[in-house]
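The structures come next, written out as structure tokens.
Look for chain A in each of the two complexes below; its partner is chain B in the first and chain C in the second.
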Partner chain A sequence: MSAPAATRSLALPGVARAVLARRVGLGLAAAVLLLILPQLVPTGTALAIMNQMGIAVIFALSFNMLLGQGGMLSFGHAVYFGIGGFIAAHVLNMAGRGTLWLPVPLLPLVGGLGGLAFAVLFGSFSTRRAGTVFSMISLGVAELMAASSLIFDRFFGGEEGITTNRSKAPLLLGLEFTRDRQVYYLIAFWLFVAALAMYAFSRTPVGRMANAVRDNPERAEFVGYSQHRVRFVSFCAAGFFAGIAGGLFAINYEILTAENMGLNASGGVLLMAYIGGIGYFVGPIIGAVIFTFLQSMLSDYTGMWLLYLGILFLITVLFVPMGLAGILMLHAPAWRSRRIGRLVVPYLITGALGLVAVIGAIGLLELLHFVAVSEGAGATKRLFWTTIAPRTLMPWLGFAALAVLGALGVRWTAPRAAAAFAEVTK
Partner chain B sequence: MTNMAAIELRDVRKSFGATPIIRGVTLAIEAGTRQALIGPNGAGKSTLFNLITGKYPVSSGRIRVRGEDVTDLTPYEINRRGLARSFQVTNIFTRMSVFENIRCAVLWAAGYRYSFWHRIGAARDVNERAETVLEQLNLAARRDVPAGVLSYAEQRALEIGITIAGGADVILLDEPTAGMSRSETEHVIALIRQVTAGKTLIMVEHDMSVVFDLADRIAVLVYGEVIAHDTPDRIRANAAVQEAYLGVPQGVA
Partner chain C sequence: MFQLILFSILNGLVYGMLLFMLSSGLTLIFGMMGVLNFAHASFYMLGAYIAFTLGLRLGFWPALVIAPIVVGLLGAVIERQGLRRVHRFGHIAELIFTFGVAIVIEEIVQLVWGRPAKSYQVPAALDFPLFRAFGSSFPAYKAFMLVISIAIFAFIFVILTRTRAGLIIQASLTHPQMVAMLGHNVPRVFMVVFGIGSALAGVAGVIAGPVLGTFPGMAQVLGSIVFVVVVIGGLGSLTGAFVASLLIGIVQTFAVAMDVSVGGMLTAVGVPASAGGALHDLWKVTIAQVAPILPYVLLVLTLILRPTGLFGTRET
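Let's turn to the complex of A and B:
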């Protein structure tokens, strides 16, 4: 027993160093990617979406400090995002008037401290309990803030919200933020710093105890930790990073309304984290990118984009609770054994048939939507590659056929794809 | 050994609703000894553990750990005073790796508290201690496996590991060998001997061969009262114990 033990403890530092090197490599790759992204997709729309994504990623990562790492399902996390944003906007206005000196690049920190202050306030009692009670309190706090936004309309600006102007603040090192690209680099910088800090947090003593309290709060108490205190620390950290995201939102959009801290925003971040996969650090990153992309793309094409996001969420909850990151991680063994290539063909076949089924289903939903809402007076609608007449039978039959045939095809080929997966994984 | 008791109970009582479960227990447990707590099912053994460790509040009476009154303290405050316990039903951090389970149990005792400014991978003292405990438990090969997928016997070993990892001086084990085969039991008993050397051990146990083999002293709890607290030999000879508990023929000797 002692001989293998000795070799093991000798081997460990080497393994640890390799893991560390891989992480540093990943971090550098992420930094480079963030730097060159505006060159890769240089359009104005792309830049606007990427700015939105960066903010959403920070927000979703902060949410997952609660849900994924701490086991706290919050229905009101946008409160700390919104508060951070409002405070940042007011401070930006003061800086613009010259009441105080604060350049734009430091403003997200102000948002973070605002989020932190309110997380300390509300977290002090809401983290006393876990589970359903915590969720209910978070909902109550969200409602409380929604009501407050109507009462304190000097701070929240009532229906119109409050506007601000990032170009009036004093400069730091001559950095101007008049163009979207400049804002992009500011968001990218804070995204990198915040993601790194949140990753580091998960690898601190209290970060690990957050996992322990999530798994088994009772046992955590019997190894010396107050479950309340552990949840409280995570909650405050999550509020801080949500506030940073809110501060970036204020800089990027120069307007905040009560909607930004409402239940819809809180629900959105839950969807992002869940679709991406709450069990993995990268999960919320993937989820926030996809959610934001779909949100901005789909809303250009269809009035039902929320329905599609909802369906995506349902499918995730029902069939892939580990999220997209979980699916990727399942393929890690095949990737390491260099056999992932054998999956390409079976996956492409099943994927193509799945796409046919999805096109059919979307077609039917869009037809239904057109007939139900009766967009304009026209009798035709552009859908996918073609123009169709929703009030005739043919398109309905066509899309139904696509949906059914695609689904049957998937049923037929999916077992083969699964078998191929089992083959390369074993 | 000091003359100060490791644990001292004074007329401790506990009722659930109108039902008295612990009916006045007074017991002093000498530091550095191995104590067994035996008694028929429903006698209140686990309840007594839950009172000592702060899981339940007492209805009346006082509890001292190493001279300090802990009656009104929370489980984590009592744990910080050097008392750790295991559970009858395995109580581990199921989604975390075996190594992380042990490491979490070391953190507070090593002084890291609620730190978010230390990198846990760089906390040498904690990591070395966790590795040592893993070796002791014979779980080093299962180091990175999620604790939830361990076999039953391995989970029971981990349960003990979490209890002793923080280096507490007073260890309470609630049926550590429950549901184990003969050879697994022998392995666990050897482990308990090893990891509790020089410490105070209090153990609820049903396996009489284990009890008489391991314990320096035995307390017998029947219907919420301690009817005897003595050396194994005298407990064996005690008429009241035989009547109340060992009278059932189950091959005691």
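Let's turn to the complex of A and C:
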């Protein structure tokens, strides 16, 4: 271990410079992508979805500061998102009335500070413990806030929630936020800044210590760090960024209800981060983008979108705990050795068969749902761009055949794909 | 006043014993496997729904027996095929897994039974007032719930303390390795306990469905409360779960029955309460409104001040 130290110290500046250059390049590429995205997909729906994605990405990244980097599983992270949003909405209303001067672009910061304040309050006692106790306290706090929202009508606005209007606030540099596209650039700006800040946080000593405390709190204590303090700092930072996301939510939708900070919202962010992969910084970004995309796409076609996302989540937990980002990272060596091309054919075959199985399974579930619930809604249903009659035997047999054949096919081809992967990464 | 106290205590007992039926299984599962099962209340919901469907064809009594068995088998399968697989990734992964199971079960219930509440009725044989006192009547069905839950409590107690199987379970709680050395299949013991715990939750669902309502959100409504109960009672402690169930049940029933506001109380004590300003909402708050918050305040206080809970012997 001691011998290579000399060579390492010589090699380090060059390596560090290369790594730094790559990171700056990645950051620039991300910035450019954010700027040109509205030109690539210029429809109104796409813009609305991208706004939603941007907010979700910040939220999921802030969640992963807890779960991925700090080892704290929170069931109440939406509390800080929601509080930030509510405070931002109230401040925006005040700015609209002229009670105080605050332009819209700075509003997410207000939300962030609101999230931070409550994170300091709740974090002071909940971060004393890690593991299951932390999870339980976060759940308790989430339920506490959900129940309080029914009591404090003035702040949370009861059932209707708090509405606000972003066009009434004073302007900064003449920037207006009347159209979705303008809001997109605001979200993109804050997304870039927040993601950069969260990445930077993960590289600071306290961010590193968060990893250490996650992996071995006792040793971290022996090195001289208070595990409570380290977790507390991560928790506050996560609350701050969740609040920023909440503030952006208030600007984008101009309405907040208690649901935004409820248990379902907290569960949603857990799904996003986990499906994306909590072990990698990009994991929650991938997860939030996919989750939001599926959510908005699926909810147009089926009322059961959460079932599909839940099943996807369970499959991730059971079979791919490293998440989608982890799968991608597994292929990094093959990519670097330029042998990734050999994987395309086996992956395509397995993927196509898997898709067949998935279509079969979805078809069966949709048929079951139709027959079980929507009794009086006619005899036919549109599914996968065709009209079918769920009360006849044929569609059931067809989808069952697709599901079984697809699954059998995957069982047959998956080992070949795995073998190809092993061959390529060897 | 006397009427309020009597009925609050009776209703609190019924609710508390119902909570115990759920919390006993949850706390046993936690004690053995260290897994806080987020999906526990989902089994309760499944019990109610399955019993509702079976009840339409077979009537209430067969459903009371069959539904919990189905739910218990399902629980055992989930333990065997899912939980055991994620076990090696640690407790957080297990917690995340059961959270996912809870989501999927709730969605499946909506897929099969739809979103609107089901009109799961009290069986006709028990649909009469048991007695009348001070102008109010006490339904026989609630007495039946009380009897069933006490019978189950006695059943668990006898099984755990007086039978060989109970001894093995108790030993697996504290010394799983030693029990395995003695030739017992500890993973199978876990699976059986998980199944029985789920079946108990199913029983609770069958008997509570007609009273508390059978709707897709019923798991979430009760689930969090059951968590509170096992934490306050001390994770892994059956006695603790029993005491905490009754405590929460009675406290909540009493709080709901009291229609006194904070401002009113302060005025009664002699503090003049202003009705305006930012605290306006706070003065209007009645004890009944605070009732849903109380358990969570107790939960957070317990976790901060006494992480072992009332009767727990170890920290989580």
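Everything that follows uses one rule, which is that the second predicted complex is superposed on the first by the 417 of 426 C-alpha atoms of A that agree within 3 Å, B and C clash if a C-alpha of one lies under 4 Å from a C-alpha of the other, contacts with A are read in each partner's own complex, and residues count from 1 in each chain.
To be clear about the criterion, contacts are C-beta pairs under 8 Å (C-beta built on N, C-alpha and C of every residue); 3 or more make two chains touch, one makes a residue touch a chain.
Keep in mind that what you see is a predicted model, and the values were worked out from it rather than measured.
Residue contacts after overlaying the shared chain place A:R219 against chain B, while chain C stays out of touching range. Judged by the touch definition given at the top, the superposed model places A:A237 against chain B, while chain C stays out of reach.
Using the contact criterion defined above for the overlaid structures, shared-chain residue A:S299 touches neither chain B nor chain C, since it reaches no partner.
When the shared chain is aligned, no partner comes close enough to touch A:N165: not chain B, not chain C. By the touch criterion defined above, A:D153 lies against chain C but remains apart from chain B after alignment on the C-alpha atoms of chain A. Touch criterion not met for A:T386: it reaches neither chain B nor chain C. Once chain A of one complex is fitted onto chain A of the other, the partner contacts of A:T45 are absent, as it touches neither chain B nor chain C.
Between chain B and chain C, it is C that contacts the larger number of residues in chain A. Residue overlap on chain A between its contacts with chain B in one complex and with chain C in the other: absent.
Of all the residues in chain B, the ones that touch chain A in their complex are 53, 55, 74-76, 79-80, 84-85, 87, 91-96, 100, 103-105, 107-109, 112-121, 123, 131, 135, 138, 140, 162, 165-166. Of all residues in chain A, only 1, 4-5, 8-9, 16, 200-201, 203-209, 211-212, 214-216, 218-226, 229-230, 233, 237 touch chain B in the complex they form. Across the interface of their complex, chain C is touched by residues 71, 73, 75, 125, 128-129, 131-133, 135-137, 139-141, 143-144, 147-148, 150-155, 263, 267, 270-271, 274, 303-304, 306-307, 310-311, 313-314, 317-318, 321, 365, 368-369, 372-373 of chain A. The touching residues of chain C, counted against chain A in their complex, run 34, 36, 82, 85-86, 89, 91-93, 95-97, 99-101, 103-104, 107-108, 110-114, 220, 224, 227-228, 231, 278, 280-282, 285, 289-290, 292-293, 296-297, 299-300, 303-304, 307, 315-316.
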